[in-house]
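Structure provided below as structure tokens; questions to follow.
By written order: A, B, C, D, E and F. Residues from 1 in each chain.
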Amino acid sequence: MSGESADVYFGRAATILEREGLDPVVTMEVFARRDAVLCGIDEAKNLLGHVLHDCDPAETRVEALDDGDVIGPKEVVLRIEARYRSFGLYETAILGMLAQSTGWATAARECVETAAPQPVISFGARHVHPDITDVLDYAAIVGGCVGASTPAGARLAGLNPTGTMPHSLVLIFGDTVEAALAFDRNMDPDVPRIVLVDTFKDEAEETLRVAHALGDRLYGIRLDTPAERGRVTADLVKEIRARLDIEGFGHVRIVVSGGLNPERIGYFKDQGAPVDSYAVGSYISGAAPIDFTGDIKAIDGRPIAKRGRIPGRTESARLKPIDLGNWPEG
Amino acid sequence: MSGESADVYFGRAATILEREGLDPVVTMEVFARRDAVLCGIDEAKNLLGHVLHDCDPAETRVEALDDGDVIGPKEVVLRIEARYRSFGLYETAILGMLAQSTGWATAARECVETAAPQPVISFGARHVHPDITDVLDYAAIVGGCVGASTPAGARLAGLNPTGTMPHSLVLIFGDTVEAALAFDRNMDPDVPRIVLVDTFKDEAEETLRVAHALGDRLYGIRLDTPAERGRVTADLVKEIRARLDIEGFGHVRIVVSGGLNPERIGYFKDQGAPVDSYAVGSYISGAAPIDFTGDIKAIDGRPIAKRGRIPGRTESARLKPIDLGNWPEG
Amino acid sequence: MSGESADVYFGRAATILEREGLDPVVTMEVFARRDAVLCGIDEAKNLLGHVLHDCDPAETRVEALDDGDVIGPKEVVLRIEARYRSFGLYETAILGMLAQSTGWATAARECVETAAPQPVISFGARHVHPDITDVLDYAAIVGGCVGASTPAGARLAGLNPTGTMPHSLVLIFGDTVEAALAFDRNMDPDVPRIVLVDTFKDEAEETLRVAHALGDRLYGIRLDTPAERGRVTADLVKEIRARLDIEGFGHVRIVVSGGLNPERIGYFKDQGAPVDSYAVGSYISGAAPIDFTGDIKAIDGRPIAKRGRIPGRTESARLKPIDLGNWPEG
Amino acid sequence: MSGESADVYFGRAATILEREGLDPVVTMEVFARRDAVLCGIDEAKNLLGHVLHDCDPAETRVEALDDGDVIGPKEVVLRIEARYRSFGLYETAILGMLAQSTGWATAARECVETAAPQPVISFGARHVHPDITDVLDYAAIVGGCVGASTPAGARLAGLNPTGTMPHSLVLIFGDTVEAALAFDRNMDPDVPRIVLVDTFKDEAEETLRVAHALGDRLYGIRLDTPAERGRVTADLVKEIRARLDIEGFGHVRIVVSGGLNPERIGYFKDQGAPVDSYAVGSYISGAAPIDFTGDIKAIDGRPIAKRGRIPGRTESARLKPIDLGNWPEG
Amino acid sequence: MSGESADVYFGRAATILEREGLDPVVTMEVFARRDAVLCGIDEAKNLLGHVLHDCDPAETRVEALDDGDVIGPKEVVLRIEARYRSFGLYETAILGMLAQSTGWATAARECVETAAPQPVISFGARHVHPDITDVLDYAAIVGGCVGASTPAGARLAGLNPTGTMPHSLVLIFGDTVEAALAFDRNMDPDVPRIVLVDTFKDEAEETLRVAHALGDRLYGIRLDTPAERGRVTADLVKEIRARLDIEGFGHVRIVVSGGLNPERIGYFKDQGAPVDSYAVGSYISGAAPIDFTGDIKAIDGRPIAKRGRIPGRTESARLKPIDLGNWPEG
Amino acid sequence: MSGESADVYFGRAATILEREGLDPVVTMEVFARRDAVLCGIDEAKNLLGHVLHDCDPAETRVEALDDGDVIGPKEVVLRIEARYRSFGLYETAILGMLAQSTGWATAARECVETAAPQPVISFGARHVHPDITDVLDYAAIVGGCVGASTPAGARLAGLNPTGTMPHSLVLIFGDTVEAALAFDRNMDPDVPRIVLVDTFKDEAEETLRVAHALGDRLYGIRLDTPAERGRVTADLVKEIRARLDIEGFGHVRIVVSGGLNPERIGYFKDQGAPVDSYAVGSYISGAAPIDFTGDIKAIDGRPIAKRGRIPGRTESARLKPIDLGNWPEG
């Protein structure tokens, strides 16, 4: 972790302070301006564990909240008291970790709360750079999702990855039932058989064909009707549930995906559509980062602040001291 | 690059196809659903160069547009014709690269077009995860920004990083003029002296103090008045320009930052505020990814498509074939 | 035609005037308050032909515009000069004929103008009382529709009725292709074979099945996807057109129905959907009547008017005298 | 009742089924998609009584709700179980009866509920075709109106017709008082004397002139101020009530008409205007039909449905079996 | 003119400066923040003529625009260069004169521009304190009104007052025609006979009664229908014009009053109502004052300004020097 | 008090009635059409005391409500029973007093209710003509303001004037601290030291400089940040409160001014900004007059009214008789 990803002016500040022989103990407080579900703080603590590793424990102190905490506007989520040159260069990185993960976790929480008690799965890997899909999936799970779609993200959260099958598999087999049978032949028994039923035929017709082919081994079907065909509607879910029940497949679950967000999930709930779980993509993965700010509030113990901020330490009953010796990889 | 960041169902599809002995040549087309400034395609080509490295050139073909191209709704930006198992696993990664970078480049272009002829600088590193700040800065520059705030991002785009000084430097020196003089003492002569003037005093008063202290060596000042103090207004810029000119500092440039977006930039333009450059943060870095879709349109030469899509190759006069032998790191 | 359908106060007025021995020659003018496509005037003239049959031609005069004329606010569309007791009782009937037919014709015209050059068919019989379906269909055709769905209405307008097949026929045959073949076997050759393709299967799949079964004899297919399945979308029309063309059925026309109105027709036009004709139901048949008013403007040649109106005959260059001897059934 | 008013495709279906020798017992359910006050069902039962008259009672069953019932979205209001060819041709007619009458009754109910406890009279005959004024007036009374303006409609509902006098009577007499005296001279004593007071003079002045002329025999006055004179206002009603009371005519009732709808009636209520009854025209008569749909849900006892609908009979505790032998004119 | 009406802090400032022996020459500039029609400046110049009467002409200078000038946002309308203590106390009074008169003149101009070429009369005296009715009427005339309703205001503007008769006169005579005849008997021949026709009877009926009674001596009638009777409508004006013309009174003019504003005047224009003049009340008299600000821009010749303003004299090609010797009452 | 400020038609009416020898006893009632805080009634009573001074007490009666009463729509606030010619000419003056003062008092009350329990001061003298600043300040105080800015207005309400210091004083001293010290040196001890802190420097910096200079003698500071600098924000108030408290100046009060209205005051309250008092200008002084109407309701004891109004005295339990002998200056 070098300063390559930091705003260049932090590098310049480090140079200037070094040349001028200045390195005060500063108190920096980090906060956001809105309600949110905090995430990224574990990663930030881990980074601080590295960079503060060789600092004098007597003058070095870190306090923080935890991933998953619901935070309020201007609430301090992280307070660092240390020699400025030991960590100043990493302000950009810390704020970035918090901003993006908190944005994702907060959006996930909105979906989860709307969908409850039905569960939500995060499917957004395709909207973010591959270098951070694991971070995204972890944040979605912190926000309350019960599963995520990538192996790396799921492992980070201690869960198994979730997923059904891609349209490409169905297209290559040329028939949904053929693809479903191949899936069933080749996958471990503990992988639930969830079959995508919108590739070739009407969803209701395809659902019944698949149900008859897999019988009790069919765990569920996924509806992902494209926008060109009017998206998944509450009535479609009701109809498929009814047709499954009429033909004796009451055990088959219905997973819905395709452009879901809290408003759309609420529509399914309001209409009483019997959805068993929701797979959410871009509402979570495309959520705007939530801006975090790092403010210096004291220098060598003296309260100070830039214009617009209040000097001195902010009272907080929630911040917990971080044991430097216990940092996971310090 | 393993499948760790891929949606898990692509991994399962690969397993099933392998066990079933299927590996057709498929034609996959990638498109977005809205107007955008394409970005991430160079990175995607690079990835494909790696994964298709050992394929039979006779049955492998890649066509694509370029970073910076303005694309239309449903326009094909990338077409891959190859054995499915050679690249299917990487669909998630490719779509993610395109989605996030295109989102950023498109947002940057909006700011750049509104601000022209004044230049725009991307300052958004603090809102994204440090693992992708270089990708962000590169996309901002593809979108038309003249500079970016991180060394890594600037290097990726072949530019020098841009920046002024952090509030923390001013706070540590306890006075803007002291900090400015230290900056001037310690920085290479080719680094422009741009001083942040909103830390302690009224911006107009501080600007004149700094101008008198640095004289001709002062390149510009940056206004970043916080929301708590009403943000930077067009009248503030006009007043500072007038006060600088009255006191003989007509050469000092004014950089504005703080919550800028096309609407806010347009406000400065409409009011005739003499801003010399705009530093934009979260409007670019927090832009939602632009969703890309990858569709199989033919299998072993036979047109096919899932419901909602039209089978067969899409006509395109703009797609350019990629020479597999020339791929940068293939 | 008795006074049974008249507002009762007209019957009372007739009684009072008769008992008081009053029967002046009055000039009554009929107008609406908005732009509209006039309809019902032929039926009104016909009624007047009957009721004025025995009046003294020297003091009886009727002037009117024609069905299909575009009229302006407060424009006089009918002027009757006759003994009051000869026609006063029929004011309610005349206004009702004009109000309802003009409402329908005006709504039809809106659809026709939006859809042009593609034709519009009126399908609204199911929303109005069976006693007036012929009047509705006639008005729709006056408004510009090229066909209507009932035999009576079509005959009134001198056209053949238009139609495809009901869902019940498909349901009874249990398969769209079976129903289509039965239709083809049993209908006269001059009845165009237009097959409804949304009953059992995905519309695109069903369209191709029907096209292969009927070949050149298939005139068109009708898309009527229910709201529960997201209605007909522009993309569905494009896809079906493309799939038909790919398989060599370029001659098969696409008829769209289901909740169409000018806004929805405009959506198909704006999206460039290759619709061949539009079947409109409740937008035309459910159009609100356009209120007409009958004002007495002179009595025995003396200008008079109630408060709010201007006494005397209104100038009009468009009104044409009606030859009492020529009335169709006078 | 022939098939002339049916959609032509029902006629074609009948022909095809006859030639193919098909005539299954089908279960058809009829429903609307919104809350409404059901009307037209008696007329529909009557029609079914005719067309099912010669069917085998063992396989023929009709269940229905009643005129005036408040129905919910998708609630079944009519279920027919019979040979398809015995009634299929009449689907258009049945749906049309329900659609138009239910639209009118529902609009009437809205006015009645807003006006309560003051009564509402339906005055809309002039906005509909004379062939259906009786149907309109019957529906308005089913919706809660206490009277209707045509003799036929009132008789259908078992009431006397309601009405005052037309403007033409006043214009022919040349003075409101003269017209009122003639009305009083010539009408049966049981016809209430309600005088229209807006023809020539200010309403307040004319009201007092009429009250002095008719004294105790005056039942009420009707205010119908035209839009050109600002319509009837709440203040006008209050003023006329006060001026009547001041001069000792506390028994004279005030009827208001002219562009009334629930919003306008609510305005009079909110302002505390002492209106004694409301005469509503185009809000009821111009109400859009409420679309009804007839779905086949079973064929020869086997559940079936078109896409978008759920196969099989819908549970309903409210539907009542219709005794075929008791049908009024069967 | 003492300091009694000044904000008290100006009085305190005067005391302090006197005790401290300070009395610099200051340059004060006065401006508004929006487009407006300037008014009150003559009164302000007059005040300054008094208070600067004994100042040293060598160091005293006043420049100003004129009443009736259209001014732009932040345009300087008045610049005073003088010893501060000679005029500082009067800043409140000067700003108040400008604010209120400019508000009125600007509102009057809006009405006048909408009504043109028909004239506008100001009738707003009843909405402002009697001490300033003359100031109001003068401002209305500066804004373009052709007349005002008070003798004092009209004299200030060099016009005769305009007016018709009050409702009280008509009520005391008990009949509009009686009141009109008394008006005609007792007024000088050069006072135009304009009769208010809405007191007792319908406006159209009363207009014709008055016209027959006064014949050629009737100059016009005024319509002022109260809100309780639906206000004056465009149709009422058209009807009265038509009824006057039919009966040979084409010379009688129609004046409209009652809640007029530019939107309502525009309604009459758009509807083509033949109004001859508009009498406007509260839109002009109730117009909000337009805020003026007085800024010190130089002290003893040295540019200075408070934060938010630009130091030094503002360029202006329009300001005209005021000759102190020529001030009307200096 | 002559008729110079009356609408000219009242003067004409007086002339006509005199020449015709008419002078009935009339009952006039005065009311507004909306909820309001009544003001101006004391001044109106005073005027009536003068003009009715010589009337016969047996036929002269005045009833009224009081300044500060909350009145409802159409509630009678003043009833005059007297010979018409004794007071008719003053109708314009009376209505004008009520309209303008009631408009101001009502606007003041809105601010006061929003700000409670913090007090409001009226600062609007600069927006009204100097002849009525005392009337404005009195009305503001009737509306609930605790102080007003002019000596005359404050005296009228029996309070001391309120105020701080003008920007001009600070500009002439060239430094806020110098101006504050001069103020402190020269003002009576009972004048609270409230210092304007936005003239030259950042408000927080200046506040602390002034607090250190005046110490315990500093009563408060006034924040009036101009729009060009983003106006006063809730965060600025919080920050200044915090910085004052940190440095031991907990006793210093914070007064806020600058474009305040109920919406803006509510913003400070909602944000929890520790404002000690609000100084409101144009929201009060620029409030539109509230239109009052004077209606004749009886003549010589006989109920009468113009069209649109109800004849006769209006019941009122609140009106209080005015003792003519007790009128302050009768």
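Everything below uses one rule, namely that contacts are C-beta pairs under 8 Å (C-beta built on N, C-alpha and C of every residue); 3 or more make two chains touch, one makes a residue touch a chain.
What you are looking at is a predicted structure, and each value in this text was computed from that prediction instead of being measured.
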Notebook entry, point to check: Which neighbours does chain A have in common with chain B?
Noted result: C, F
Next item on the list: Using residue numbers, check each pair in E-F, B-E or A-B against A-D and return the one sharing over half of the contact pairs.
Entry: B-E
Next item on the list: Looking only at C-beta pairs in contact, point me to the busier pair out of B-E and C-D.
Entry: C-D
Check: Looking at C-alpha means, what's the farthest chain from chain A?
Finding: E
Note to self: Nearest whole angstrom, what separates the Cα centre of chain D from the Cα centre of chain E?
What the structure shows: 57
Next item on the list: Give the residues of chain C that touch two or more other chains, as numbers and ranges in rising order.
Entry: 200-202, 225, 227-229, 235-236, 239, 307-309
Next item on the list: Write out all the pairs of touching chains, ordered by chain label.
Entry: A-B, A-C, A-D, A-F, B-C, B-E, B-F, C-D, C-E, D-E, D-F, E-F
Checklist line | In the complex with chain B, residue positions of chain F that touch it | finding: 200-202, 205, 225, 227-231, 233, 235-236, 239
Notebook entry, point to check: What does chain E use to touch chain F in their complex?
Noted result: 1, 3-13, 15-17, 19-20, 22, 24, 26, 28, 84, 88, 91-93, 95-97, 99-101, 103, 123, 125-135, 149-152, 154, 161-174, 182-183, 185-187, 191, 198-201, 225-229, 282, 285-289, 291-292, 296, 299, 304-309
Next item on the list: Would you mind writing out the residues of chain E in touch with chain C in their complex?
Entry: 202, 204, 235-236, 238-239, 242-243, 246
Checklist line | Footprint of chain B on chain E - complex, ascending | finding: 303, 307-312
